[in-house]
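You will see two complexes here that share chain A, one where it goes with chain B and one where it goes with chain C.
On to the complex of A and B.
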C-alpha cells in the first residue's frame, strides 16, 4: 500500500497507540511484540481491493473513520444479565463489554475439574510467560492487517485450557457485548484456547449489544486441539447493526482430534470472518457449518481456509448465504491438500440465495491439491427461491412474506441439523427467522 | 527422426497395436525439429523505432503504425503482472526479436519454399494438395508471417474473406479499423498491449451476413527461428446469421531458451451468428527438468454483440512451459450463448493457469463451462474462471464443471472459480472434483490384458470425452494422440 502524505483518519487515530498502557505493559518481550506489530500495521495500512484476500471487501469508508483507542467506562456500562442468557447454555461464562472483562457479569465460580478459564488481562498482569509464543507472533500475510493491529493493541480476551483427558460437559460461554461509548471505539480481543490430549470442550461464542453503536471490534482466536481432543464451537454473531467486526481465527488440529464449528452471522454492518484451519495430525476431522443472513446494507465476508497436511484427514463444510435488500455477501472456501496428505477426504458446499436486485453475492470455492490419493470436491450455487414452492405455499393461504421466510429458513436449516444442542438449535432458527426482513 | 503425418487415420488409432505404442514411447516432442530456412529478422530489442520499422517492413498504412505506437506507449506504463499461481522468472523483452520472416517471400502457394512445405508436412498440416482431401482451408503462420492460405477462391465465391492479417490491413482496412481492438482493447492487459504494439501477422476471417462458411478454416502457427517471439493477432467477424468453425494449431522447435508467445484473438458475433473456435496447442513444453519451452500468454475473447449469437471455445492444451490463457465470452446480446470446453494437460514441470470468463450482460444469456485438467510429473495445473452476472442479466444461467485428474504424487491441481452475481433471477452453478485414476479401473484394464500405458490413456480419453466431442473430427483424433504422447512416462 502506498504511503499517502496525509495519513488516513483510521491510521492517524493510532498516533498515541504506542504510549497506551495496556495490561501486561512493561514486559520487554510483550512491549516489543506490540510495538513491532503496530509499526507493521501503520506501514502496511489497510488492505485495498487489489489484495486478493480483500477483493470483494473495500475498506475505504473504514479508513476514513477515526476510532477511540479505549473505553474508560467499559466496566461501568449497565448490561441486563438476561440478555446474556442463551437457551441450552448453562456452563461457565466470561463476559467482555467493549473488549474489557467484566467480572460482575461473568460466571467463573465452581469451574469443572480440568478447566482453567481466565481473562487475558489477568493473565498478562500475573504470569504471561506461557503465552509468550502466542502473543509474540508476527502476521506477515498481506491480508492479515487486522491481526497485526490486534496483536499491537489487544489487552483482554479469553485464556482457556482444558487439561488432558478432561471432559467439559457444559459448554463454556464467552460473550462480547457492545455498548455505546463516547464516540466510536475500537476494541481488540485476543483468545488463546487449548484443548489437551483426549479432552473435550464445548464453546459458545456470542456477539451481542445493548444499545446501537458503531464500534470496530477485532478478535483474534488461536485454538489448539491436542491429539484425540474434541471441540464443539458455536458462534452466534448478533452484533450491533452499524458495528464493524473483524474476526481472525486459527485452528490447529492434532492427530485424531475432531472439531465442529457452527456459525450464524446475523449482525454487523461490515463483518469479516477469517478462519484458518490446519489438520496437522493424522486422522483429524473438521466439520464447519455456517450461514449468513443479510439485509439492509450489511456486508459480510467469510474466508475459510482448510489445510490438510496429514494422512487420512477429513473435512466437510456446508455454508449458506442469503442476501436481501442492498446487502452483499462474500464467501471464499479454500481447501488445500498438501504434498503427502494422502487419504484426504475434503468437501465443501456453498449455496446462496440472492433475494434482491440490489444485493450481490460473490463466492469463490477453491481447491489446491498437491497429493494424489485424495477425494476433494466442492460445489457452489447462487440462485433464488423456487417460484413453484412459493406458489404452492401461497396457494395454501400463506402470505408472500411468510412463505418467503419459511423457504429461506428451510434453505438455511441444513447448516444446523448437525448441532447436537437441540435447545440451541431451535434458538438459532428463531434468531434467523427474526432477522429476515 | 521419422515423423508420421497426423491426419485422420481412424483405424490405426482405434486399434493401435503394440508396435505403434512402442514407437510412440520412443518419441519425444514430435514437432521439435528446426527448419533450416534463411530468415529476415529485426535485431532483438524493443523501442518505438522497432515498432516503426516493423510497421514499415510490413508496408502498413499510417493509421496502423499510430495504433501500434499508441499500444507501445501504453505498454510502457504498465507494470509486469504478478502471477498468482505461476512460478516464472523475469522476461527480458529486449532480448527478443520481434520479427522473423522466411526470406523468399512467396507470391503464391506454388512458390512457397519447398523446405517450408516440408516442415508443415512433418507437422501434418495439409497445406497443399492434401488440403483438398482434408477439405480444410489453411492459413499457416511461420515465425512472424503468414506463408500461405489455401482454398481462397472457393471461399471468395461465397464472400468469405480468409487471409493473413497483413493482407487484411492492406485490402480491407475499413473492416480492420472497425473491429481491431474492439474486443480486446489496446490496454487490456500487459501482454495484449505488447501484442498490439508488435503483432506481426495472424489470420483474418470475415463471414458476411447469412453465410455458412462451407469448410472448416484453420491456422497453423509455428515458431521456428531462435530468440524470437511470436505475436500473432487473429480477428474473426461473423455477421448476422453467419456461421464459422475455426481451428488453430501450434508447434515450435525444441530449444533451451524460453520463447514468448503472446497472441490476441478477437471474435465478434453479430445477431444470430455462431462462431466455433477450436485450438490444439502443442508448443514445445520444455524438457523433463523444465529447461526451455514456450511461455504462452494469450488473450482470447469473444464478443456476442448481437442477440441470439453464440461463441464456443474448445481447447486442448498440452504444450508450453507456461500457459496463461482465459478464452472469454462477453454475452452482450440478449439470449446469447457462451461455451468453453477445455482439456489442459501438464507434465514434467509445465505450469498451466487457464480457464475462462463468462460475462453475462444481456437478458436470458447462457453459458456452459466444462474444464478437464490432467496433471502429471511435477507440473502444476490450475483452473481459474470467472462467471459474472451483471445487473441486467435477467434470467441468465451458468453451469460450470471442473474436474481434475492427478497422475503422480508431485503434481498439483487447483481450482479457483470466481462467481459474482448481481441479478436475483440469475442462476450460477459450479461443481469441481479432484481425483486420481482409480485403482479399480486400472486393475480391471490390466486384468483384461491391457498394458498400463494403454489403460491410462484409455481412462484419460474417457475423462476428456466430453470435450473431445466438441472438436471437429480431425482435431479430435489429433488431440487424443497428443495426450497419449504427452503422458508418456507419466505412470509407474
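On to the complex of A and C.
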C-alpha cells in the first residue's frame, strides 16, 4: 500500500474522525477498537487494483472525493413510508436514513416471541458488552479497507437475535434509505445477526433512496447460524443511481443449518458486494442466487467466497449478470473445500449477458479443493442475446425493446425460481424489467 | 394483397433471388416449389424481414404498403406471419405468456385494445379446439424440448391465435412423419378463409396432398419459371425438378 505525500481528499476528510462522538463513545474497548481501525485505514489507504480482490474495480476517483462524516439532519428527512413497502413483506421493520436509525419509520411493536431486534445505536448506549467480540474485530487483509473504515465509524445498524427454537414466520425487513444531505455524505452501518439453534428467520434487506444523491455507504454484516438454524435472506439493492455502496457480509453456518440468499442488484454507480460464507458445521447447506442488471456507467463488483470446512456440506450458487450501455460487471466466485471436508457437494454457475458492445463483464470462477471425495462443479459464460430468438419474437409482433426485455428477464429467471415468497418474486421481476434501458 | 415485382435479394454477398414476380390475392393458397438452393426459404425470410437479407432491386407491396420498409414487428402487426422451418427454442419464456405478449403487441400497434388474461384464455381455448392440440404445450417454455411435430404444430397454433392475413409456411413438412403432417395440414385447412392467403413453401409435393393449393409455382435459380394449378405439383413429383431447370421465367400471372 503506497501513501501519497499529499493525502487523498478521501483520507483528508477523515482528519476529525477520531474526535467524532458516536453512539457508545466513552467505552474504553470500543474507543480503542475504533481508533485502531481508523489508524489502520488511514495508514493503508484505499486498495488499488494491484490488490487481487480489487483488480477490476478502481477506486482512484473515489479517493479524490471528500465526504462529510455525518448527517446532523438524518432524523429529520421526510421519507414517504409507502416507498418502504415491499409486496409480500409484512413483518417487523427497521429503517435507517443515511445510516441513522429512524424509530418513526420502523415497525418494532409486538415483536414475535423469540425475536430480539434493536438498532445498534441503542445497544451501544445501553449494554454493548455482548457485542464486544464482534465489534473489536480487526480486519487485516489489504482488501478489507472498507471493513476497517466501517469498524472505525459505524454507530448504527441492526442487532438481531432469534432465540433457540423460535420460528420467525414473517420476514424481518431492514431498510437503508439514502437522502440528500449537506454535500456528499459517508455513512457506515454495522449489522450483527444471530439465528439460534433450531431457529428460523426470514430477512429482507432493502437499499433504496428518496431523492438522488451521491453518498457513500458502507455496510458490514455478520450473520451466524447456530446448529439446525435456517435463514432466508433476500437482498434488493436499488440504491441511488450515483451513489457508492460497499457491502461486506460474512455468514457462518453451524451443523445442519441452512441458508438461502437471493440478491438483486440494480442501483448504484459503484457497488461492491463481498460475501464470505463458511460452512462450519457438518451437513450445513448454503444456496446463493444473484442477479445484477446494469446500465449507464454503473460498476458492480460481486465477490463471493464460500468455504466448506466440515463433513457433507453443500453449496449451490447460481448468478446472472446483465450489462447494457457502458456499464461494467465483475463477478468472482471462489469455492474452497478445506482439508477434511469430505463429502462436500459444491457448484457454482455464473452466466452473463452483454446487451451492448460498450458494456463489459469480467467473471472469474475459482475452485480450490484440499479434500477427497468431493463433488464440485463450476462454470461461467459471457454471451449476447440470441439473434435468432430475437427475430423469432419480433416476427410475432413484439417490438425490439420488448423482445430484448423478454429474453433478458428469461435469462435471469433461474435465479429467482427458488424464492419462496411468490409476491416478492413477481416484484423482483418487475423491478428488473423497470431497470432495463 | 401481396404484389412482388422483380425482387432481387442477396445473402452474404451471393445473389439468391433474381427477379421474382408473384401476386397473391385474398383467399388464395399458393405453393412455391423448387429444388434446394432455388431461393425458397430466402423468399420467406425476405418477406418477414430477417436481418442479413439484402434486397438489391424490386418491390413488395402488401395491402398497399411498402412491406420492405417495415420492421419485422410492423410486418407482423400488418398481418404477415412466417411459420419457421426451424422454430426457435426460448428457455425461460412461457408459451402462453409469449403468445399473449405477441398478440397484444400487435393489437397495440394496430391501435386496438389489449386483451386481459381472461379474454386471452378464452381465445386460446377456442383455438386449441380447432387445432386439436393439448393445452400441455401452453404451459411449457416456447418450443423448449418440443418434438419436431410439436414445434410445427405450435407454429400453426400461433398462426391461429395471431390470425394473420398472409400466412407463409416455410418447409413446414420437413422432418414430419405422415401423422404429424396430417395434423399440421388439418390445422392449416381450418384456418383457410376468404380473407386469408397462404404461401406454402415446400420441396415435396406430399404436403400438397393435404393442403390443396390454388396455384403452384416453380422457383428455380431465384425466379419463378413455371406457374400452374395443382396438377403442376403432380407433374413435378413424377418428373423431378430437372425438366424445369432450363426453362425461361414463366409469364407473370396477374
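Note that in this section the second predicted complex is superposed on the first by the 437 of 437 C-alpha atoms of A that agree within 3 Å, B and C clash if a C-alpha of one lies under 4 Å from a C-alpha of the other, contacts with A are read in each partner's own complex, and residues count from 1 in each chain.
The criterion applied here is as follows: a residue touches a chain if its C-beta (ideal position, glycine included) is under 8 Å from a C-beta of that chain, and two chains touch if they have at least 3 such contacts.
Quantities reported herein were computed from a predicted structural model and do not represent experimental measurements.
Within the superposed three-chain model, A:397 lies in touch with chain C and out of touch with chain B [touch as defined at top]. When the two complexes are overlaid on their common chain A, residue A:407 makes contact with chain C while staying clear of chain B.
Of the two partner chains, chain B is the only one touched by A:384; chain C is not.
Once the two complexes are overlaid on the shared chain, A:359 sits against chain B while remaining clear of chain C. Applying the stated contact rule after C-alpha superposition, one finds that A:52 touches chain B and leaves chain C untouched. Once the two structures are overlaid, the count of chain A residues touched is higher for B than for its counterpart among chain B and chain C.
Of the two partner chains placed by the overlay, neither chain B nor chain C lies in contact with A:104.
Overlaid on A, the two complexes show chain B and chain C touching no common residue of chain A.
Every residue of chain A that touches chain B in the complex is listed here, in rising order: 52, 56, 339-340, 352, 354-357, 359-384.
If you check the complex, the residues on chain B that touch chain A are 84, 389, 391, 404, 406-436.
Of all residues in chain A, only 386-389, 391-400, 402-403, 406-407, 409-411, 413-414 touch chain C in the complex they form.
For chain C in complex with chain A, the residues that touch the partner chain are 48-51, 71-73, 75-77, 81-82, 84, 87-88, 90-93, 98-99, 101-103, 105-106, 109, 158, 162.
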